[in-house]
């Protein structure tokens, strides 16, 4: 299929307002691997999962660990909620850009009706010197109407203040599960397009997972089973159009897989990766080492410069 | 029956404020087929259905395709959500008018309680140089109370900024299904009137479908079964009164049917058609060709000049 | 029982602010039958029932019909939603006063949880030169809490702008049905008082219907069965206190009944009637004729001058 | 038990802002029985019960009856909704203070999920020259969260405008019924404290009713059954702390009981009573007479001067 | 495990704005035990439980008791709702700092869907001279989305006015009960982190309770059963990071346990304790005495000075 590939996409930066351009350039060129790429460190697991993720590496329970890591290993940005931004970021201001996540939720109640309400504002981000906003959108949730309406205000404020908008596009809810599941190619591809339609400058996706059996529940042509993993990634990246794409790693994986995934994403025209637990659940020197390897892979396989 | 036909309707433009008149005239006379007609290109399928609609013509996955098509084939306007408007429309500003759709939803959850919440504002449209607002109203949904109240704000902002209001009047929800269904003559006719009552300047309807069996569930006189397809269209157009009517094509149909439908609409006093997938799921030269044919039919059968 | 009759009520106009007094006087004395009476033409059936009501008299589908009728037959005012007010009223501005109905709903979903949300504002009414606001309140609905709170804002805006408030007091919902039903003397009487308590200047009621069997479900003394139709009307009018009362005709009835009802209302101290379908479902000359008869009955039986 | 009795409470007036003090002093000292007492006349039955309460004394259907009674019999204040306040109070302005009740509901739907939404504002009260605000709080209702949040705004506006706040503290809802019921000592005592905690200047309570069987469902120590009626009243009054307490009579009772209740309340350190139907369901001269007796009892048994 | 202990945490005060620092220093150094500790007296039981808690010590029903106790026994602050703050705090202004609790609820409805709505504002606290805000957050409740969104506004106002934010972090709801329960180590630890993530300056926790059987329902590693009580406390304190931690006593316990708990908290790097019923359910001289003992233990075991 003669799909317009993401690497052929027109420059995103050229379409952005001066404020967005200034800030997003910092992440793409001044910090992290550079050359138009994005390597993001999320430390929102404390709200999304609770402290249980920190036991694997006790040092990681202190947010200092992630902030120092982001700054010293050379991430493009660190993404966190308001509490950490107010109490820990000031020590690293100017050393690593901040993405303020403005919504979040715990994983205590089930997520069949998922909605992540805002707990911070774009104005908070401006006040704290952040360079972007993070927003979690639950595609397909029965409460998506509230979600999109809430996102409207966040997006408008981003436009008003020239703040780049990073959308975590997560398929969720009972109806997604009936159509192949949250990680299905169908769901992730829909999420990519949806985030772009809603005004994302950067889209954060989970890696699409091909599952011949469950994919039968997805609508055509996703249920036809003739996609390779690399095609799936290429499609998802293309669905985000001019919006940049970062893919996530999820829970800790072995090094080979982390590096391979990174290469896939870059080759498909993605802008980078967002690795949290995969990195900070490692002891300090190992964390630094894997980040170096990731950065090298990223720079070697850049396919699109935004 | 001595029905006042739409072609006898008093000029719509004469009743509009200067801002609305200026903008709507662009669509009716300066772009597209002209002579008071409307040929609209919707590219909201990415949110309403997800990327699945783009596989039929892979080139269509890149929003560039639809924007270029709207401009080069000579549509009256292109209708899309905020994301595309911000990232793709700027390249075509001044080449084709923009209708900013301010609400939308995915088709993942079922639509028995359909409500399409706003994700953009009339102020966004003003800022982007749009010439009209698009709003999807779900007639008969159990949540119509929220819908109409939300539409109030959009309509008031349109009045405030002199922005024409295009209402996608879609019958939806469990109770509509019990009364003949979303495409029944009853439902579409009610939608036409409802949109006009709520302040639409232009009403977008789906083609009413006569179905003798299901129509028995509609209230009188719709359940009496003595309407022809052409009468049904004429009634729907008349129910919108001074508001202009455009009918849609839905999924891709064969050329004959597309052109016949177009003629029906124009003869009934409608102002035009809105064809998306019917056009952009075709390869470029074929898309250009069918648009030329549609425009010719439209201009040949104009019955009402607003 | 020594009930204070409505005709003994102190002047309503004397208690109103200058803005309300100026506007309401137009309806009571300058237009329509005059002498302190109200003859109202509602054209809100297009939203409340859909176009089905217009088939009886095809000419009535064009809102022009009702506006012209209101002006030429000499109604005190025409009541409609924002769409008609914006697109049809301008041609009749100054020829017949406008009551802008600011809420409404379709009859597609059942009304066991009835709530009519606002789709226009008092400011819209001011902008359009309307002389009063119409608001539908569903007494007894499970959602009445939302209703009364919504009405608060409308009433406050009416106070702010000096705009008379006409409340359509409609008993509705499952609990009303359990206590005698929406048209029971109990329900209508409660509605009359409730509208007055909520700040109505004019209350629109449906004719109370005595039904010995169903009235047993009403609370005492309504379940005691010793009321005549005329007593019931007198009670309802008295329950509205200084607020003026207009009674409605509902669906088309024969001439005798229409005129008799009109007489009952006036004799009971009501201020007039609101007849829509009963009039505009007739052919033009017949419509003009019945209005003449109604006006004559009204003026002959005026019992209270506000 | 060495309970601090209400009569030992520090002066309430000394803690109030100048606006609240000025207004509340009018009720306590300038109108009604005086000497720091409160005799209130509620005429909110028209909304809470409908007109059925007026049949016992047909003259009472006309709100004039209650307003004249409040003024001529010498009540401390009359409490009513916005409709009566706007249309009837002006004739009595300056003759009897007004408590504007800003929320209310009908008794048509069941009250297992009771919530009384606002239909008027503190600004309305200021505009109308009222001397206090009335608010109905449903303690224990499943919707109490909405209730307390709504009350926040009313209380803040009272603070802003110096308007005394009278809270009708009514235990309600399915869970109250499971714990002894709405009139249980437990429930009324909780209501008294709750109203004080929420910022009431005056708390309106219903008389607590001891019911050895149902009280077993209340939490300890209320389920221990060793309280006398007088102790219960004393506790409830003490639970309101510095907030003044008025107890209500409910439906019409015989004279002996009315006067005895009045004495109990005053002796317990309460500030007065609120008698509506007990008074205005009587013929004029009898109404005047019972009020005289009540006032005499009140002044004879004053235990606390605020 | 090489957990960063709370006592190694960087100074909280150093990260706070001047307003927050000024006010929080009063609680930490100028009042109460001092030396960076917090001894808080809560008197919110009147709303959370009703007056039943006061029967154990009748004198405690009069809020004077708790205010005098807080001032004379030398607490760091007293925490209460708006009603007490307005009517009782003025007499103690300057003698003991005030924490205004801005939300609260009764215990009448079950708390499987717990949400505590706001009944006062940060502006109220500023007006009253309070030195901190108290907010109850129900971690894991099905309504946590509303909770976090409501907290957003409170936190933003605290940032705006320089008001320290104390979050009562209470795990609640049906899903918490399914995962070990509200007092489980898992739940309390999650609550500590969550409060910090949401911007708490001080976190109020209930003592985590190890329960080998119920803990099996908690996620790993909490279900592995190899934690001591002291480890659990240390973890919870560490999870709050730079936010200070106070632990509560709950219902009245024997002196030994109260003092032992106090020592545990201080040794773990907590900043103090919040003891209400444990203290004010005692007769005056006993209350004074136990407070003296608590203060001594606190100062002897200070591990972290913020």
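Order of writing sets the labels: A, B, C, D and E. Residues in every chain begin at 1.
Keep this in mind: a residue touches a chain if its C-beta (ideal position, glycine included) is under 8 Å from a C-beta of that chain, and two chains touch if they have at least 3 such contacts.
Not measured: the values here are computed from a predicted model.
Student: Chains touching chain B and chain D alike, please list them.
Tutor: Touching chain B and chain D alike, sorted by label: C.
Student: Could you run down the chains that neighbour chain C and chain E together?
Tutor: Joint contacts, listed by label: D.
Student: Which angle of rotation, from 0 to 180°, maps the CA atoms of chain A onto the equivalent atoms of chain D, to the nearest 5?
Tutor: Fitting chain A to chain D on C-alpha positions yields an angle of 145 degrees.
Student: Quick one: chain B and chain E, Cα centre-to-centre, how many Å?
Tutor: About 57 Å, centre to centre.
Student: How many Å are there between the centre of chain A and the centre of chain B, using C-alpha atoms for each centre?
Tutor: One centre to the other, that is 35 Å.
Student: Could you pull out the residues of chain C that touch at least 2 other chains?
Tutor: Correct list: empty.
Student: Can the chain contact pattern be summarised as a line, a ring, a star, a complete graph, or none of these (other)?
Tutor: ring
Student: In their shared complex, at which residues does chain D touch chain C?
Tutor: Going by the criterion above, the answer is residues 46-47, 50-52, 55, 58-59, 61-64, 81-84, 86-88, 90-91, 104-106, 108-110, 115-121, 124, 127.
Student: Which chain A residues qualify as touching chain B in the complex?
Tutor: Per the touch definition, chain A meets chain B at residues 1-4, 9-10, 12, 15, 139-142, 144-146, 148-149, 151-152, 155-156, 159, 171, 173, 175-176, 179, 186, 189-190, 192-200, 219-222, 235, 238-239, 241-243.
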